[in-house]
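Take a look at the structures below.
Heads up, the next two complexes both have subunit A, just with different partners, subunit B and then subunit C.
And then the complex of A and B:
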């Protein structure tokens, strides 16, 4: 039986691998997708830093036993919001560069 | 009781930025006044913070009065107060340069500029690892927009590479922060410094990985070899006041390296003790050498200035790379000088560009004599003396302090050769640029350009600051000696942060 940690780690690894592959395409749209994949991987990774646990409360309530660490969840929330803003900005930038150069290459030159 | 003055260097620019958004479209004068007043106020507060910090007290601001280590804190010690003062001063002068005289900048320039200053100040003041990430993102987002701000196509291209590279850097930063949190269970920097000593030996390897990732991120931010490739294009493509305040942005990385290698990865910190020690000095020296070589090949004044900026970052990091109190103090002194000097060089390059007209711009080819040749020439020459580190200005003193601190170091021969060689090479490079720009004039008529007499005022102010740094070298370096002693002793911050209970 494979453990939850192993599945989790494999999922993060797959996301990062896909993200890096897309980053190396040197086209704006794949790069933005790649950056999004990497930021998903990082967010999953941050959640796991509070240790993975099954069947625990998200926060303590009277009568519940034990709870998961709330700090990583707060961090991830912040990271998601920032990542969202960054993605929006990169898309705007990519559109602007497409308008300026007429192609979607990161160097602005089709032959490069 | 919280001293609310500690958060003013972030709060004032942020509130002013919001006011700038609220002003009606086209009201540029109003935005200039609001921005100028805000930056003036920030600088005044920063002076107060430096005076307060020099009493030796560690100022702590607890947001929401949460007990440490649960709440986020701001830390004001000698180092962070000094960095805030440096940032506010350069920001104020660069903003003045942008605001004086005719300008076609858009309405939103002041807003972005102010959020950038707020982000940089926040990064200097925060005492929390994740909060550092947040302020990095604030300053980066403003910087991204400022780089691509304007019409030039080169900006969109340089901006794209800058943005994507730094987004990857931010992802690395998050991984590093997450790893350190997962191991130590805290984000408070002082608390983290305590917890790393208490870890079980089995976690040591993972901790070292997290720490190295963290330092790599800071190296990217300070444009250290070999992760610097984003800087020259982005800085050379951005407008002068932006590039001038970017001169301080690399110092955020420098500050973070100094802070983390002094506190969390410093002496007596168990498995991460002296983690950066074998790396910092060689990387700093390589950075200086390669950047100077690249500067020789530059064909435009702004590119030249960007490479010299990287070279100066290398020279600064030689100071902390020595891992001695006097070395760190010397590095800090050189940092004060070189930040002001590099900002001045970017602003002077802008004056030259304006005088030569849009066709020649800042490219290093002979052109007609500039209409205000004498004024620009004098400014360029003084800036050149400052940047190359010649006497009588403070760059010379900074390098002399660095060399005297390094004289007992095992790597002293290499340091002497590289620092002196870099000084000489940058002198050659800048004087070559100067002779092309000012002496090899063609007889063709000069292009009509607006008078830059008023624009020259902020640059002169920067050069006056350098002069002040030279004349006040005694008190300043005494302050920096105290700063270095404070930074390199982790127990001072740890006791101040964790010893205090609300």
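And then the complex of A and C:
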């Protein structure tokens, strides 16, 4: 049998590999896609630092037991929001650079 | 205090002199003269103590961790040098007032001169070696500025650059040497270093720091093979040549050798390196000087020769030689500065410094003739002048060295006095040439002006120096004896013997050598023309061109490297960055210690997990494989985001799941909006080779991260989470630990994060400026079926429901999954759906919300919540909570953190709506319309 950790790690690896490959493309849009994939991977990775736990609680109401590590979750929550800000900004940059340069090449010129 | 003031005074006067001097020459000169006068007034009262042999040290700790103190030391050696710097400095200031042309910026000149004076005083008075290096480099910089004073002259600029390259480079070597030396000695302070005597000679790093320090000294004092910068520095105004490049700055190198003499001298390495270099420089430079037609060129090469002489003496390593070296430093400074000033007068009056065009000036310029002749006699070493005495002592000592420790009376050792005599002989020859070719003979007709003696301000400083030369020459023991003895004692650490400086030393080998020089010198002078023809090619050699070529080649190399590495291809930068990250990761992987994993198959993956993973892998694969079809890629990346949200929920992170799914909605919408502007497809343009390289990098990165994640997950965990779980309720008043961490424990982080969010939205706002309000064109339908009736009619009533839910999620967030971030995101989704369903114009007409203000208010609320505790004298962002029990609702909790969370809530809504709205409106902008028009 395959452990859940192995499956989880495989998923992260696939996201990173796909993200890095898209990051190395020549046009702006694939790079935005690549950044998004890498963001997913990083967030999943950070959550896994609290180890994988199913059916546990991150809150301490009476009656809840077997708590999960809340620290990575708090980190990731803001990371998701900041990641959104970054994506939104890159999208805007891509739009603006297309309008300014007349092409969507990452270098701003098509001949490179 | 007074020592620091001596150094500080010139620096303090730099700005006033600059400002005043460019308006009034008299005022500028007077202010500039204040520095050396003030310095002398501070120094002279201390002189009695110095002559008695006391050493004064004053200082302050500067950067103690580096062992860098701002400390000053006054002993015989530093007093002698300070006197030279201040005394000749005063004369040069007076002389320059007459020398500089009417239109020249006197203020700037004096400002540079004073900054040099301060730096040079800093070098000689420093007690701390590191501080000395700082001043040392300052002298290089002010020398650079002064050599290049006539910026319009190309040769001046080149000479300045050359000097800075050589002396600045030497200064770096010196810095390295001084650091090593201080580490070896355990202190950079001279007092501590001297206390160890010659113990450092046995230090294993002695050869290393010796060579580095010598590099600094030899470059500064223009010793072979670094000599060539000095003749090229003669493009400087003549007062500068007299001051920096003969009397003071070029002596910094030999000063350093003298200063560290007790610590570094005494080894065979020192003897052969220093004596050898000095001797070579002395003889070669004296030989070359004879053939220089430019008066300043002749004097420059003669300066090289005399610096070589002093270096040779310091290399000898005997205490007596150390004392003679100091004596000759004094003598050379006096006669050479006077000769440079005389050369400047000749240049000033005749318009040329070329000895071939000059002659017979004794008639038109009698005062200058007399002064220059007397100066030349001192330089040539004629009895009754100071040059004679120190040179005679040098001859004598060179004979003694033959039987000294490192030569042991070997036959070839007699080359030493022979070369020394040859140097003296050449010195006589060029001194004769200086007088005969310029002042004697018949006047040449080529001169454009009628030369006459200059005003007294120009010749009086020369006369003062000649007076010193003669006084020392006639009564050496009386005039210079005590100072030289004190300086010699300081150099040798008190080892210098009692020497009675006198004119007559009796019948000694030195007398014979002197006689030889005086007979051979004039003979050599008579033969200089044929000799010059015989070695014309050799004399034309100048290392300057070579150095310039080397520098050009270096710049070209750097350019080529920059063009290769920074070729404007972002893809290459990314690939390089990823490659290096992989290398760094691999290095860390290989060097980290082994931690044993716990049971790697503790739990097999369940079916839902396998399904999720399968969908995620499939969707990722589709995004990558079909990324050229951009709409398809966006659809599948939303699938990836959905799976990630589900994974968060599955793995006990409900807050994250809620956040991710809301963010996902907005992100996908933004991407679709962008695709309205951007092309719908990506062309296939990468070569298979590059795709292969990228795939390799991608697989490396993915494999590395997967292995890292797996490696961590199967190893035991140490966490600080327990503390938060325990303290969340008692300290933060909430049971949702994730939310309590965000708004309370780590509230400061969150404050930064929402600020970043707002800033990003402002960035979007600025980037897409000019998109303007939604005009009539917005209503021009892209398709007939603009807003689907179903969607419109369903979403409008839902808005209030969803907003209510957002409020609910916000309120419960402190205890159950939810909170400001999530509630904000849900509200954003609700609003955006209205945009989609009913259009921006329709929605905004009814909403009447200023999102910019909302975002700003959100951050303000968060910051004020942080500041409020200050009113109660509590630290920033201290939180508190209490319970209220109003009727009907029942008991509930009120926490200050909830107010903070409200700030988060508002910032999230404001920022995201700004971005969304701006990008949506951009579709109707004039800018974009122009681009589209252009395309059609």
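In this section, the second predicted complex is superposed on the first by the 112 of 112 C-alpha atoms of A that agree within 3 Å, B and C clash if a C-alpha of one lies under 4 Å from a C-alpha of the other, contacts with A are read in each partner's own complex, and residues count from 1 in each chain.
Definition applied: contacts are C-beta pairs under 8 Å (C-beta built on N, C-alpha and C of every residue); 3 or more make two chains touch, one makes a residue touch a chain.
Values in this document were obtained by computation on a predicted structure and should not be read as measured data.
In the superposition on chain A, A:14 makes contact with subunit C only, while subunit B stays out of contact range.
Once chain A of one complex is fitted onto chain A of the other, the partner contacts of A:35 are limited to subunit B, with no touch recorded for subunit C.
In the superposition on chain A, A:44 makes contact with subunit C only, not with subunit B. In the overlay built on the shared chain, the residue A:101 is in contact with subunit B alone; subunit C does not reach it. Once the two complexes are overlaid on the shared chain, A:93 sits against subunit B and subunit C alike.
When both complexes are overlaid on chain A, the residue A:82 reaches subunit B and subunit C alike. On subunit A, the surface touched by subunit B in one complex and the surface touched by subunit C in the other have residues 23, 28, 45, 48-51, 69, 71, 78, 82, 85-86, 89, 93-94, 96, 106-107 in common. In the complex of the two chains, the subunit C residues touching subunit A come out as 568-571, 574-575, 578, 600-606, 609-610, 613, 616-617, 620-621, 623-624, 627, 630, 633-634, 637, 640-641, 644, 647-648, 650-656, 659-660, 663, 666-667, 670-671, 673-675, 677-679, 682-683, 685-686, 694-695, 697-699, 701-703, 705-707, 709-710, 712-714, 717, 719-721, 724-725, 728-729, 735-738, 741-742, 746, 749-750, 753, 756-757, 760-761, 763-764, 767-768, 815-817, 821, 825, 908, 911-912, 915, 918-919, 922, 927-928, 931, 934. Touching subunit B in their complex are the following residues of subunit A: 23, 28, 31, 35, 38-39, 42, 45-46, 48-51, 69, 71-72, 75, 78-79, 82, 85-86, 89-90, 93-94, 96-97, 100-101, 106-108. Contact residues of subunit B toward subunit A in the complex are 130, 134, 137, 141, 144-145, 148, 153, 156-157, 159-161, 163-164, 167-168, 170-171, 174-175, 177-179, 181-182, 185, 187. Subunit A meets subunit C in the complex at residues 1-30, 32-33, 36-37, 40-41, 43-45, 47-61, 67-71, 73-74, 76-78, 80-89, 91-96, 98-99, 102, 104, 106-107, 112.
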